[in-house]
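These notes concern the structure reproduced below.
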Amino acid sequence: MMIKIEHEDNSLTKGLQQFFKRLLETREIDALFLPVRLKDSSSIMPSLVTESVQVDNAVPLSPAFPLNSGRMVSRLSYKLSGRKTAVLLRPCEIRAFIELIKLKQGSRQELILIGIDCPKALSSSDYTAYMEKDPLDDDAYIQKVFSENDKTLNGFNFSSACNTCENPFPVNTDMNILLHGVDLSDGMIVESASETGQNILETLNMQQATEPVKRDEVVAQIKEAGLKANEEMIKDIEEKTNSITKLNSFLDRCINCYNCRNMCPVCYCKECVFNTDVFYHQPVQYHQWAEKKGAVKLPTDTVFYHLTRLAHISHACVGCGQCSNACPSDINVFELFKSVAQNTQAAFEYSPGTDENEPPPLSVFHEKEFEDIIGIERE
Amino acid sequence: MGQVSNERLLEQTETVKEMIQTCIQCGTCTASCPNNEFMDITPRHMWRLLLTDHADAVFSSKSFIMCSSCYYCTLRCPRGLELTHAMSLLKQAASKLKLKQFQRSSLFYEAFLDSVKKHGRVREMEFMTNYFISMKNPVIPFAYASLGLKLMAKGKVRPEFPFGGKGKLTALFKKVAELEG
Amino acid sequence: MEKFEPVIIAFVCNWCTYTAADLAGTSRLSYPTNIRLIRVMCTGMVDPQYVIKAFLEGADGVLISGCHPGDCHYINGNYKARRRIKLLKEILPRFGIEKDRLHLTWIGASDGIEFAEIMTQLNDQIIEIGPSQTRLSKVI
Amino acid sequence: MNKAIGKTLVAGAGLSGIRSALDLAETGYKVLLIDKSDHIGGLLCQLDNQFPTSKCGYCRMLPMFDRDKSSQHCLRKGLFHENIEILLSTQLISVEGEPGDLTITLKQNPSLIDSSLCTGCGECERVCPVLVNDSFNEGLTKRKAIYLPSPQSFSNAYTIDYTACTRCGECEKICPTGAIKFTEQDREKFKILVVDDEKIVRDSMKEWLKEEGFSVTTADSGQKALELMDDRSFNMMLTDIKMPGMDGVELLAKAKEKNEDLCVIMMTAYAAVDSAVDAMKQGALDYLTKPFDPDVLIAMTKKVYHEFEIAEGRVEQVDALILAGGTQFFKPELGKNPYGYGVLPGVVTGMEFERLISGTGPGKGKLIHPKTSRPVRKIAWFQCVGSRDVQTGAGFCSNVCCMISIKEAILAKEKFGPDIEATIFYMDMRTIGKSFDEYKLNAQNENQVRFVRARIHSLDENVAKGDGSLVARYVDMGGNIHKDDFDLVVLATGQRPAELMTEAALKNSIETNQWGFIETGSFSMVKTSRPGILSGGSLSGLKDISESVTCASAAALEACKIMHEAGKQIIGAADAGAIDADDMEDLAVMARENPRILTVLCSCSSDFSQRLDLESLKSHLDRIPENESVEIMDKLCTDEGWQTLIDMIQKTNPNRLVLGACLPCIHKHRIKELGKAAGFHPSLVETLDIISILNQYPDLEISKMTQRINRELKILISKARFKNPVPNERLESNQNALVIGGGIAGITAALSIADCGYHVDLVEKNDTIGGNLVWMDKTVDGLDIQEYLDEKVRQLESHSQVTIHKKTSIESAASHPGEIATLLKKEGETNDLGETILHGVTILATGGSQAPLEPDVDDSLKILTQKEFEIVVQDRKIEPEKLNTVVMIQCSGTRDEKHNYCSRVCCIRALKNALFLKEKNPDVQVYILYRDMMSYGFFEEYYTEAKQAGVIFFQYDSANKPVTEMHEDKVLVKTFDLLLDMPVEIEADCVIHATGILPDLPETLADQYGAALDTFHFFKEADSKFRPVDSMNYRVFSCGLSLKPCTIEEAVATAEAAAIRAIRILSHERLVSGKTVADTRTAICSLCELCVDTCPYGARSVDRLEEKIVIDPAACQGCGVCAAVCPSGSAVLEGLDMRLMLDSIDMVLS
């Protein structure tokens, strides 16, 4: 079913807030999880909200994307809490969460997943700068981002991940808030995407809406634009990193801080193997490497680390771009990842985050597959 | 068939059926048989007919008559069945029952043996003459004419009567007759 | 110029390919000595990291070899290995490590001759491809 | 009191011998494993792949827990186990005594080669002038008289073919280590007497034999010979038969009176062979037909001499004896040889074909014609060569040839391409195993193997073509004659009793059947007529791998029972390698210490130094910081050398040792001693067999060789560096068993386990036990089933170690490492929580039943299943005397889309019922409508018997099944006679359908115990061939009908097998893991469970309470897939962990 969220005091944001308040008041749920502007701050962070009044600070659609909340939702759900939570997530956050479910890091059992057409995001550094320089108010931002498909905002760049995203639409949820192809002057539409979602929407008793007629067309346009941008980006990054030498230079500022992996929503390890004793080498080892090569850079294993991470989770990369966001050395890790993820995902016909019953490609096998790679015939 | 009932035929072939009871229809006999191509039904088919009590069908075929007793089938049968012997028992049955369709062969054998009995060896001309006479069909000799001439040209059949051996086999024939009851 | 002698690492499973290698040994079938065997329990235990490490440390070629499908001592380790090699073949060429530098083969316990042949062919092939970039440039 | 350890002798070290030996050794008994041949592994060493998977899996037979006690490599390389002593080239001579106290005499070939000195360099082979047929390749290739026993053997030691060796001594001269020692003068001690009236014969024989080094005396008459015998003793006499005066036969008798042990060989002209044969009956050993080739004489003499040489027996005291001598194959060259084997080109036996396509065979992995060396394209397989053929004295079926041929055809296609045309000529396709029918269909449909139902009478060369191709003439079902050309014809040769074993059996009064196969007792596949002596594997008739293995295990169970009843002890696994508290402390200290590695290189009396730059090697290795010291020593293989090493260890006090030497001195047991002497665990010693590498590259220059050895040593040093000194894990293990199902399989399993001293809970859902046996009267062999069942039930019910739970089902089960908890539910008790049983093993013997007739319309006793028929006849509701016509329809609802397997027992049951009817009423006409008559093995006799009794068989096609119609009080059966090509209608009083067997193993039940079901809903074996009663969960087994369709006897065997497989776990209070074993670093584990899902053995599970991954160290086989699937490195493979691997990579690349 579809219901309509109308403007509240001529504000879309307030209309949305109203919707979430109603949701919280239904008793169907105990808490909301959504981006909230922190008190006395311009920072918008994902927050767990239990008091209706707190919803007034929620910014469901903002250019801030400080971290992928998929990870946070996994913290909320990896064990039972006895509470029902409605979580609002961007499409890439949903995808990340679905991947985490497959890895037993979270569960949908106590969650209502609410998806939203992606409002895009500025990169973290640009966001800080943008906020300092006359930012748009929340409603204006929504109007702008859903009416134009620009790569910049007031001269600041949307993140590379957003600009090259071919799938900024929610799937795999209980309900979705739709803005693309919707006449925003008339409000927004919430569609149910599961039986649970439908039941909840029914209890809200809100005005029914009809399918936005232009949506398919707009969605197709956005996807196409995303694909095109993605293609260009990949061509570019491939050119920059298509040899070990080039990869060396691409990563030469890396300080092995592992922030990229810490912020990666699908890098679910409690501790990265590169932080374990396996890589806590004997002093003599460094000498031996130095003796072999003449010199060795410390910290070592930089390329090894990045290639390993590609091997471990590129198939699960949801393209959120948080790795680049987190890099203190401004290495565009995201682009590197996405360019490889595209290949690995295609190889296993795997599309991360779309179906929680689709097992991770390296956890399964078929007796008859990839027979072409067996043997030493040259490809 | 007409002249002899299946029941009567079955009685006559009882021993043969018993002999081949353990046949597993593998077909070795058939594939072994050098005369198979002249047979209207294969030996295997024939044994099968016997086993399933279709003796009439066996005797409406002439396959067993075509057996030239080369013993290949007996040699190779995995069940160790004495198939050649079984074939000759069928021939004997046919002869004993005086089945019309086998009359020619029965008479042929009789004429042959008569000649042997008399002379201790076969006298081709006498044997053939007797055979033709017993057939009581004036057309038959002509059918053999060309073959006869060929054999004569090669010296396989001689017009004169060879000598010797007379009466020496009588005892043997007598004994056989005794044995056969 | 000195003839290029490639450095090749072969991860061989304890049950089948290692037996074949042994058989090649006792049958006096020599294969290039620059191929370095590392015995593993099963090809299924070859972590992608081992292959990456080998290439980064200057290997010109890496071979993983185990039991034929269905022969795996551990039932299905070789199938799991196949997926990992497929994965690496999608990643490494992207960075200039040619697909043909990495191979997966099934060599059974009785295939001593095949083992020696494959080793020789592999060596020739890697010579043809030439030295790996990782040997030329120090990887950070 | 210290009781004696139980010991069993297993004669025959092939597949089944190994199984029996390992089962007993794993249980904790001592085993003496002997084999007459020079290598272990038997027939399977010659086969690369086996049906019904066309794959191998031989290694899956190896122990699963306490793995370090045994070898862990391909069984073709050999086997060792701490509890097994292996004697090769050894035969069984005699057995005396009672079960629990058997005295066994063995004779062993003298060893002319000291295997501890032989380095396998191959010089001897190079100089040996004698070329003989290589029996390993079935004579398709040649080998020297000194040779390596099997190409893959772990030990590189050479062996000598005593009968072929000419004792020229070349090898002895060239051997660099002095490993070969001939005792040539012994031949002089062998005294031969030649008796012949012809001087020329006497003289030339004397000359020939003297040349071979024997002492020869001659006599010109029998009288003279006897006189000579009064003077001195002879070992052998060669005598002519026809001599003036006393003839040879008379001389034989008189000579034997003087000297009973004298070997006499008769010489005779061809015409008098009969008298020679008579003489053999009177005690002559053999005969020679004159004129003979000197080579024949010499060979025969050598054979006798050889016997003389090894006559000295070794006497062993054991508790039980398992005969596992396997089988032999029919020799097609004997007898009528209609297929021209040995005469026509391109006619080979199945075994020869296996060698032709083997990687270690003559074609070196390519299929070439053995005679013309041309490529082969068209291949035919002829079934039943020497089976089901009274002309070759074989009234039996050989069980496995059909399947072997299918496998060979598939392999030919798979290995050599789809261009190969494969045709199998058969009579009945006996796909009698669970998945065999499917295998055949796959061969037919996927591999395009052509199946022709025809028996080939003989084979000819296609002379017109002149290319050596063969032409086969056959008749098809329609009666049409075909002539097909083939490049290669493979004869599926049938089974024959193993000669030596049968000989031994006869000598030791063990009963054999009419064909010479060991006869086993009623309802047992392993008990021979002599108590204490058991038959394993194919000795009692050829079996497929799964059945051989099952019988081998069953034999082991019986041996186990004997040893237990005789009060013999086992060596507990926990005690054997026991490490006391002090040692534990030392090890714990060692674990915290930095590695101090001592690397020792043997210079092997300067042999190594000629090929290696040992000094540069030393200086390279010295640079490795953990290398405390690198030493070069000489002749480590000698006792002095070894002592120097021990001294060095004591001096330098290392905590790791890396040894580079030759194979003999790095043999495992010596390393073990060394570990003890030096005070550390043997697993901390790493060894490199340098000589093998030197041998492999005889021409490699010193610098390159040094480099190579350097790299190999570095890998080992890396291993030593990261080796975990902590001892193997020990898992407390519950010692009770749970058997689910009270049919004959469950009863047998429970009794077997209880008889060996372990407590068993048996759960049966009904209120009676006995299962299917309850409704059965007699077996086809005429054995009384009720009597048997009553006795078993009585034993079970009165057994102090058995608790029976009737009317009880399984509510739930939970597995923990070392223990399974099962919650029972008694019928009728709804409220109470049922009883919980804690047990260490589970045996699923839930049985199966005859499939119902679908649709079951008839209640007038006209249309029945086999079971219904047997019951109504017993109840006299049907009186056989009153029946006129009975039709039996086989494969009614089996071997079709729905149940695509052969139920194995129905054909036998049909034959039994048919014979029963004929016995009760000779006038009843019985018709059996069948697809393939599955009267496998010796059951073939009943097929013949039924035919003799006048039962008529109609074969039908699966596409054209018989139909039945009720016509008043008769049933009209319509079928089609394929041979007569005509429809057949039979009016029957009664139609009996063979509906097949359905398993009764609920998926949920199997699942609760970590077992799985196969596609047919039977229990899924861990490996259908090599672990036929095990599940992937090492504590769960199955037997009887829930495992596979089987006869009572076979069900009993599977139950006994399941029992011993269980006992080998139950006998240990603690199970010891392997040194290479999985572990989890809980602190960094994210609990993603990828490792749990990927483990093929279910060794990993999640402890929900503790929130961590737990590992059953005994279940873990150390494959390491868990470590590879874990991105964080929290799943680790101890012993081969990532640090070690990465370090090894660094090492080989530096």
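Residue numbering begins at 1 within each chain, and the chains themselves are lettered A, B, C and D in the order written.
Rule of thumb we're sticking to: a contact is a pair of C-beta atoms (placed from the backbone, for glycine too) under 8 Å apart; a residue touches a chain by one contact, two chains touch by 3 or more.
Remember, it's a predicted structure, so these values are computed and weren't measured experimentally.
S.K.: Hey, which pair has more contacts between C-betas, A-D or A-C?
M.R.: Result: the pair with more contacts is A-C.
S.K.: Per the centroid of Cα atoms for each chain, what is the distance between chain A and chain D, given in Å?
M.R.: So the centroids are 58 Å from each other.
S.K.: What is the distance in Å between the mean C-alpha positions of chain A and chain C?
M.R.: 38
S.K.: Taking the mean of the CA coordinates per chain, how far is chain C from chain D in Å?
M.R.: 33
S.K.: What's the distance between the Cα centroids of chain A and chain B, rounded to whole Å?
M.R.: A distance of 96 Å separates the two centres.
S.K.: Going by the touch rule set out above, which residues of chain C reach two or more other chains?
M.R.: Chain C, residues with two or more chain partners: 48-49, 53, 69-70, 76, 80, 84.
S.K.: Hey, what residues on chain D touch two or more of the other chains?
M.R.: Each of 1094, 1125, 1138, 1142, 1146 in chain D touches at least two other chains.
S.K.: Quick one: which residues in chain B touch 2 or more of the other chains?
M.R.: Answer for chain B, listing residues that touch two or more other chains: there are none.
S.K.: Name the touching chain pairs, please: which are they?
M.R.: A-C, A-D, B-D, C-D
S.K.: Once bound in the complex, which stretches of chain A touch chain C?
M.R.: Within the complex, chain A touches chain C at residues 238, 241-248, 251-252, 254, 273, 293-297, 300, 302-304, 307-308, 310-312, 314-315, 339-340, 343-344, 347-348, 361-362, 364-367, 369-370, 373-376, 378-379.
S.K.: In their shared complex, at which residues does chain D touch chain A?
M.R.: 625, 1081, 1083-1090, 1093-1094, 1125, 1127-1130, 1137-1139, 1142, 1146, 1150
S.K.: Going by the contact rule at the top, pick out the chain D residues touching chain B in the complex.
M.R.: 336, 338, 384, 388-391, 427, 454-458, 473-475, 479, 481, 943-944, 947-948, 950, 952, 955, 977, 979-980, 984
S.K.: Show which residues of chain C lie in contact with chain D when the two form their complex.
M.R.: It is residues 7, 9, 14-16, 18-20, 22-30, 33, 36, 38, 40-42, 44-50, 53-54, 57-59, 67-71, 73-77, 80, 84, 108-114 of chain C that touch chain D.
S.K.: What does chain A use to touch chain D in their complex?
M.R.: 103-105, 268-273, 276-278, 282, 284-285, 288, 292, 312-313, 360, 362-363
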